[in-house]
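Chain IDs A, B, C, D, E and F follow the sequence of writing; residue 1 opens each chain.
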Amino acid sequence: MYYHDKRLQYPVRVETPDPLFARQLQQAIGGIEGEIRVCLQYFFQAWGARGPTKKYRDMLLHTATEEIGHIEMLATAVALNLEEAPLSLQETTAAANPVVNAVMGGERPRHVVEGMLQKHLLSTGLAAFPGNADGVPFDCSHIYASGNLAGDMLANVTAEATGRTLAVRLYNAAHDPGMKDMLSFLIARDTMHQQQWLAVIEELGGFTGALPIPNSFDQSLEKTEFSYAFFGHDKDGVPPPAGRFTEGPSLDGKGQFSAVQSTPMGDEPNLGPARDGSGAQSEQIGKPA
Amino acid sequence: MYYHDKRLQYPVRVETPDPLFARQLQQAIGGIEGEIRVCLQYFFQAWGARGPTKKYRDMLLHTATEEIGHIEMLATAVALNLEEAPLSLQETTAAANPVVNAVMGGERPRHVVEGMLQKHLLSTGLAAFPGNADGVPFDCSHIYASGNLAGDMLANVTAEATGRTLAVRLYNAAHDPGMKDMLSFLIARDTMHQQQWLAVIEELGGFTGALPIPNSFDQSLEKTEFSYAFFGHDKDGVPPPAGRFTEGPSLDGKGQFSAVQSTPMGDEPNLGPARDGSGAQSEQIGKPA
Amino acid sequence: MYYHDKRLQYPVRVETPDPLFARQLQQAIGGIEGEIRVCLQYFFQAWGARGPTKKYRDMLLHTATEEIGHIEMLATAVALNLEEAPLSLQETTAAANPVVNAVMGGERPRHVVEGMLQKHLLSTGLAAFPGNADGVPFDCSHIYASGNLAGDMLANVTAEATGRTLAVRLYNAAHDPGMKDMLSFLIARDTMHQQQWLAVIEELGGFTGALPIPNSFDQSLEKTEFSYAFFGHDKDGVPPPAGRFTEGPSLDGKGQFSAVQSTPMGDEPNLGPARDGSGAQSEQIGKPA
Amino acid sequence: MYYHDKRLQYPVRVETPDPLFARQLQQAIGGIEGEIRVCLQYFFQAWGARGPTKKYRDMLLHTATEEIGHIEMLATAVALNLEEAPLSLQETTAAANPVVNAVMGGERPRHVVEGMLQKHLLSTGLAAFPGNADGVPFDCSHIYASGNLAGDMLANVTAEATGRTLAVRLYNAAHDPGMKDMLSFLIARDTMHQQQWLAVIEELGGFTGALPIPNSFDQSLEKTEFSYAFFGHDKDGVPPPAGRFTEGPSLDGKGQFSAVQSTPMGDEPNLGPARDGSGAQSEQIGKPA
Amino acid sequence: MYYHDKRLQYPVRVETPDPLFARQLQQAIGGIEGEIRVCLQYFFQAWGARGPTKKYRDMLLHTATEEIGHIEMLATAVALNLEEAPLSLQETTAAANPVVNAVMGGERPRHVVEGMLQKHLLSTGLAAFPGNADGVPFDCSHIYASGNLAGDMLANVTAEATGRTLAVRLYNAAHDPGMKDMLSFLIARDTMHQQQWLAVIEELGGFTGALPIPNSFDQSLEKTEFSYAFFGHDKDGVPPPAGRFTEGPSLDGKGQFSAVQSTPMGDEPNLGPARDGSGAQSEQIGKPA
Amino acid sequence: MYYHDKRLQYPVRVETPDPLFARQLQQAIGGIEGEIRVCLQYFFQAWGARGPTKKYRDMLLHTATEEIGHIEMLATAVALNLEEAPLSLQETTAAANPVVNAVMGGERPRHVVEGMLQKHLLSTGLAAFPGNADGVPFDCSHIYASGNLAGDMLANVTAEATGRTLAVRLYNAAHDPGMKDMLSFLIARDTMHQQQWLAVIEELGGFTGALPIPNSFDQSLEKTEFSYAFFGHDKDGVPPPAGRFTEGPSLDGKGQFSAVQSTPMGDEPNLGPARDGSGAQSEQIGKPA
């Protein structure tokens, strides 16, 4: 079960509220690279963790719990950036606030209203919501919890890699020192989170131990003649570019890479006629209309 | 641009059509672990590939093109498994086919109808569709193409790890030898695809070269005191489990892991009052109702 | 504006309630082939109809208004089919109702619970909802109202074609005489609705007058050398099947069909390097890591 | 920020695992009546709470934090109910477990596989996921945080009313004493949560103080002649049923209810012709084709 | 069944077309606070209404039918606001219309194009569509019809509370007198609709009669020791804020409020090992890799 | 199976990159009128094609394969249009590029950032993605493959009609000669694709042979008295507008059009009381609370 402390994990301050930056921050809340995703992903992986590898359940719970606090920081930052947002075309907020005015470059409110997410203006009363920077709500199909520990760790590194990439883009786009400070903290946490999930794979034996995922499947049951071959699909048989993936031992130590041109091994498929009563046209069934 | 050959990449045959297995195969077509996802993901990564690392564009195009053929194989398998599916409660298909009957364990058609995806029965006329085994359509927000090569490679390994896990589950659930044969081919290809994307990361310098992702951000701008620390969030300060992620050098070679208890560094947030005209209750604005 | 009459457009009666058929009927309410779709589609086309072709606004309003009554009939049918649905595994509803029992083939409640939409059991209290037979909610992106009258009429015929196909499949699956009667009415209406939208295209000059859609674009601005050519994309240049679409005059009377093998007219695309500050890996930017 | 305790808020035990009940429990996790919804809804309302009514921010945080623990309990219950689920048609799990066998009524595994969410079998490795009982992922557009305190409290009571209704349906469907015990706790919490949000409205002055929502809008600007009139829309003018909503003082004490037949006050709308260049048919623009 | 009158329920006129306001109005059509939602919600509640409380079926039908006319008014308003929208960057619409020009503040077309919904420009030919102000289509999972009358009435009040809040925000953002007039009518109707659904709850006995919802569940089966207790989840046991929800009689008259600190009553959950054949890593199953 | 050629089907060049046009082009990639839709639609129709009409399988495969190349062209065009997009408010890209500057009309970067899809800026690193011009991801429920050949052909013409309408709108909005050239090619292909699917219907016997869809249903089973009647739903019985759809022979040659006023043929529906245990209020069940 869970507890809260009213204070934030790290300070969030905004010197010059900027509604467009509020919009951009939404991507870090409810984008597929955002914090709701990692938070729920780590929770669901933990809650479904089974048996001998239970240590990772605990590890996941710590970091999932941390991530709630990250959503909280970002939601606070969005609300602060919206504090002086114009509510209509006519509103003279900017004119009344010389600092905003200067930063906005003399922008008239209409442009700010156009650039804002309409959801901020019309649905939330100038607060954050669980959706991305284009207003698309977060959809929990993005919570990856496969029941395979190594696969889940890779999903987590991926989430933190795209998460840190997003945070870096926001850092580069930010002009407010408070926002840059907050993002420099979140970027550091994403650095650690990338590391920690990869460290689990190292504990599981690294690539040679963990691959191919799932490593519990008897590889003699797969068509191993195709397990380490890069298939070229160029129309004229131009070979694929040479690389680590076309020659040398495979990363799991269980095969040798090669490159081969792909050709059809199967026939043209032949489905039977449409069934009578299946709602097809008579011609598909082969009966007179 | 693209070309086709009417033949299949690998043979697809079904000895005993089974509508429930048709349903399960849909997960490999339109589930988030499925082939539409990897096909479009590799295409969009290729089509957006920029500059010096253009070699990977070519590599991605070969494999994306291969994946169209995998969707084709699975869609063919779904259609073949639906060939003798009952169209209604009364239909006596099973009774008329002793082989099906035996495999089905004397199942009556009504139960088969219940187990079928209604979409197969009502919307597609007994053919595959781009959705998962519970009938949820595939949604292209799952195409990960971040513009960061290393992040994308990790997303690709993740997709192939969950993809091979799914293929293994389907192999274990299958009872038809033709289906087992097809899956043993697809499992082998997933083995290779896991390898090849990881091989790109090795070419990019492995973890020390590629991490933290993005490696183009100047780490001196992040709060490095938090970049390699595992944060404990246990209410009573019970330390997190010790592991590779709490001690020793970090995997990127740029820091030392540690474990620390997380405590608030920020204050309780303080948002201003609701704005007049923002649709809040009077009490939130601080004006008389 | 709108009015209602408490009575139904056509009688809806169910002699033997069947929760599985309730599930299947949902496809006709909230599937993409269903009545919510056509109802809202005709309304939005009407409400956006402009200028000289205003007659079609009126026509659309009549039929859109009719369609509300069709959703009402189907929602009533779903509720009636759920009247005796078991609320749990243990419930002995079927046993208590010999007629149901006979029709169900001695089915035990557990199977009925498995086959039911859980949403009917858990979310609606045994009533209809605006989603399809697999429980996926209807999504208004399927309301096609393009602002082009001929395109919209084609979208409407398509909707009625898939709608009648669905109604036929439901008729074939139905065993209750009341349900067959209701569906025989809805099938007749779908017959008419297919006709009426095509009749509009005839009024607009038929294919020669209406095509290509939009007919307001000056065709001299398109690359007309490709406007009536069927492109073959077989890898080995095997020609496409001959047909009405490879030879003879085009249906709009403005060209001659032909068949040609497709070949690249463009070059390999060349995107510039990734931008510094764009969150790519250093290698993509071409700067030292 | 947030903390966790590894123990559960309330005990979760399952004597006889039942994969169908696992499926039904998903509705309480990721259905629109479920716990993810209330958890995130209370968090986002808290994180956006402004100014003078800040006390409710604290209140919301306590309950939001409690709700994480409810998702955890339900996810645990799902995993426990899936412990002996068959992975394939052939698997003889049930046969090997006489207790399960008895409860299942001699059910063969195939039926259980049919009734299971395919996602549990194929995507999660027999664990919970953030979606509903028909496999539809939770979508964060259901997080209602309007920026209006009274409106949000009503949204919260609604969520807890549908939540308790769902919990009662699950209680009625459950056969396992552990599951009934867990649900009797969750039902009690839903009772309280309904109460507490309504208590806030009482603190805000009850219906006379809080209505109409938002109470910060000057009612003299609305067309008050229509503010307390029930509009009848019967085609033949049959009056609406008489009730508290057609006569007597309004609940906000600011008007008198009445019932009137609705008639058009506006004209038939008249949109201009389609614009040249807007992609309409020539006939819509009024130019020669 | 249903009928229409070509005239609008209330006049809709636009003196100065404004494409940005067209965009904002979309929220009232296809936002979750919008008119499609209430229209379909009231219809589905009516169509599923059962037995003794059938009077509310009639009441719901009247208001649902009214709401179609509200969507129609708003769709008309959107189309009128788009009448002079620029179709491209180069178009000199504004320059040609001095009134628009003045209102737009000398805006060049590019800004208008940027602020417009691209869907208005590219998909609808300058007409309304069933989606919100950020272009997200309406999704019928937002139609709440729970089968519980009191729960549904609360859902309806909530919908009208967020609906009136939205209408007020649009009124405040509007600059056109025609639009302000239309909104002052819609705001009045939302006032009434809030009232009428609450009046039903009063008819059902008010809070003491209707709560807890559902009132048909025997409360002796719930853990009543937790039914009226506010649970504190502060990490350090700081008590929740005192209020009507922590002391005094509960609103249903069936208990006394209290405040207690939440502590774990359950144990750490213990799931069994992953199953062989379930696609987990070998380490999770506890077998050698 | 499939092959690629690295070159594009048709040249794509951009003289003056314009991030707003990149946004607009997304509609042609991932809008419902876009190329992903037709590509997957033709593939799924082909992969499910059965029996005697197999010729159309081949035809569909050719064109589906062509469409991959169209997505590729558009994705390339998006990336090229984003080449000089500003990454932040402060960036002086435009100032540094006099050509852009001139075209942009002296626009400052802030406006460009506001007009851009945030997803381009924050999620893709300045590349295309499979979503529309408002950032909504493509959803594969739009892939229409009904199993009825004539219905599918109509769906395909509809897709190409809305597709060409979109391409024409983009052509009209474009200012770059390279973009106009690319679009003039795509418009030509859409012309052909409209033709070719209609040509199939001609091969199937035209309207008299193909209608009503499905033509395999015995029309004597439908209520033919309603099969060719236009139903008027005007409240006051004002007749519908006269037209080809109210008189004369029907287009399928099987009936005569007429116009009739719609009146209720059914009764007011009468659902039974809510079931005990179904979670309704006591009043709905008819038991004492």
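One rule holds in what follows: a contact is a pair of C-beta atoms (placed from the backbone, for glycine too) under 8 Å apart; a residue touches a chain by one contact, two chains touch by 3 or more.
These figures come from a predicted structure and were not determined experimentally.
Colleague: Which chains, if any, touch chain A and chain D both?
Modeller: In this structure, the chains that contact chain D and also chain A are B, C, E, F.
Colleague: Most remote chain relative to chain C, going by C-alpha centroids?
Modeller: It is A.
Colleague: C-E or C-F: which has the larger count of contacting C-beta pairs?
Modeller: Pair with more contacting C-beta pairs, C-E versus C-F: C-F.
Colleague: Could you find the chain whose CA centre sits the greatest distance from that of chain F?
Modeller: Here the answer is chain D, farthest from chain F.
Colleague: Among the listed pairs B-F, B-E or A-C, choose the one whose interface is a repeat of A-D, with over half of the contact pairs the same by residue number.
Modeller: B-F
Colleague: Is the contact between copies chain D and chain F built from the same residues on both sides or from different ones, judged by whether over half of the numbers are shared?
Modeller: Chain D vs chain F: same; shared/all numbers exceeds half.
Colleague: Between chain B and chain D, what is the gap in Å from one C-alpha centre to the other?
Modeller: 27
Colleague: From the C-alpha centre of chain A to that of chain B, how far is it in Å?
Modeller: Between these chains, centre-to-centre, one finds 12 Å.
Colleague: Using the touch rule from the top of the page, what residues of chain B touch 2 or more other chains?
Modeller: Correct list: 1-9, 32-33, 47-48, 50, 58, 61-62, 65-66, 76, 79, 87-88, 111, 114-115, 123, 125-126, 134-137, 139, 141, 146-148, 150, 165-166, 168-169, 172, 213-214, 216-217, 233-235, 262, 264, 269, 271-272, 274, 277-280.
Colleague: Considering only the defined contacts, which chain A positions touch chain C in the complex?
Modeller: 165-166, 168-169, 172, 235, 277-279
Colleague: Per the contact definition, I'd like the list of chain E residues that touch chain A in the complex.
Modeller: 20, 23-24, 27, 31-33, 104-105, 107, 111, 114-115, 132-136, 165-166, 169-170, 172-175, 233-236, 238, 262, 264, 269, 271-274, 276, 278-287, 289
Colleague: Name, in rising order, each residue of chain C that touches chain F in their complex.
Modeller: Where chain C meets chain F, its residues are 3, 5-12, 32-33, 55, 58-59, 61-63, 65-66, 73, 76, 79-80, 83, 87, 125-126, 136, 139, 141-142, 144, 146-148, 150-151, 154-155, 157-158, 161-162, 164-165, 168, 171, 184-185, 187-192, 194-196, 198-200, 202-203, 207, 211-214, 216-217, 219, 221-235, 240-241, 243-245, 250-252, 257, 262, 264-269, 271-272, 274-275, 277-280.
Colleague: In the complex, go through chain B and note every residue touching chain C.
Modeller: 1-6, 47-53, 87-90, 108, 110-111, 113-115, 117-119, 121-123, 125, 134-137, 146-150, 204-205, 209-210, 213-217
Colleague: What does chain D use to touch chain A in their complex?
Modeller: 1-9, 30, 36, 40, 43-44, 47-48, 50, 58, 61-62, 64-66, 68-69, 71-72, 75-76, 79, 123-131, 137-141, 143, 145-148
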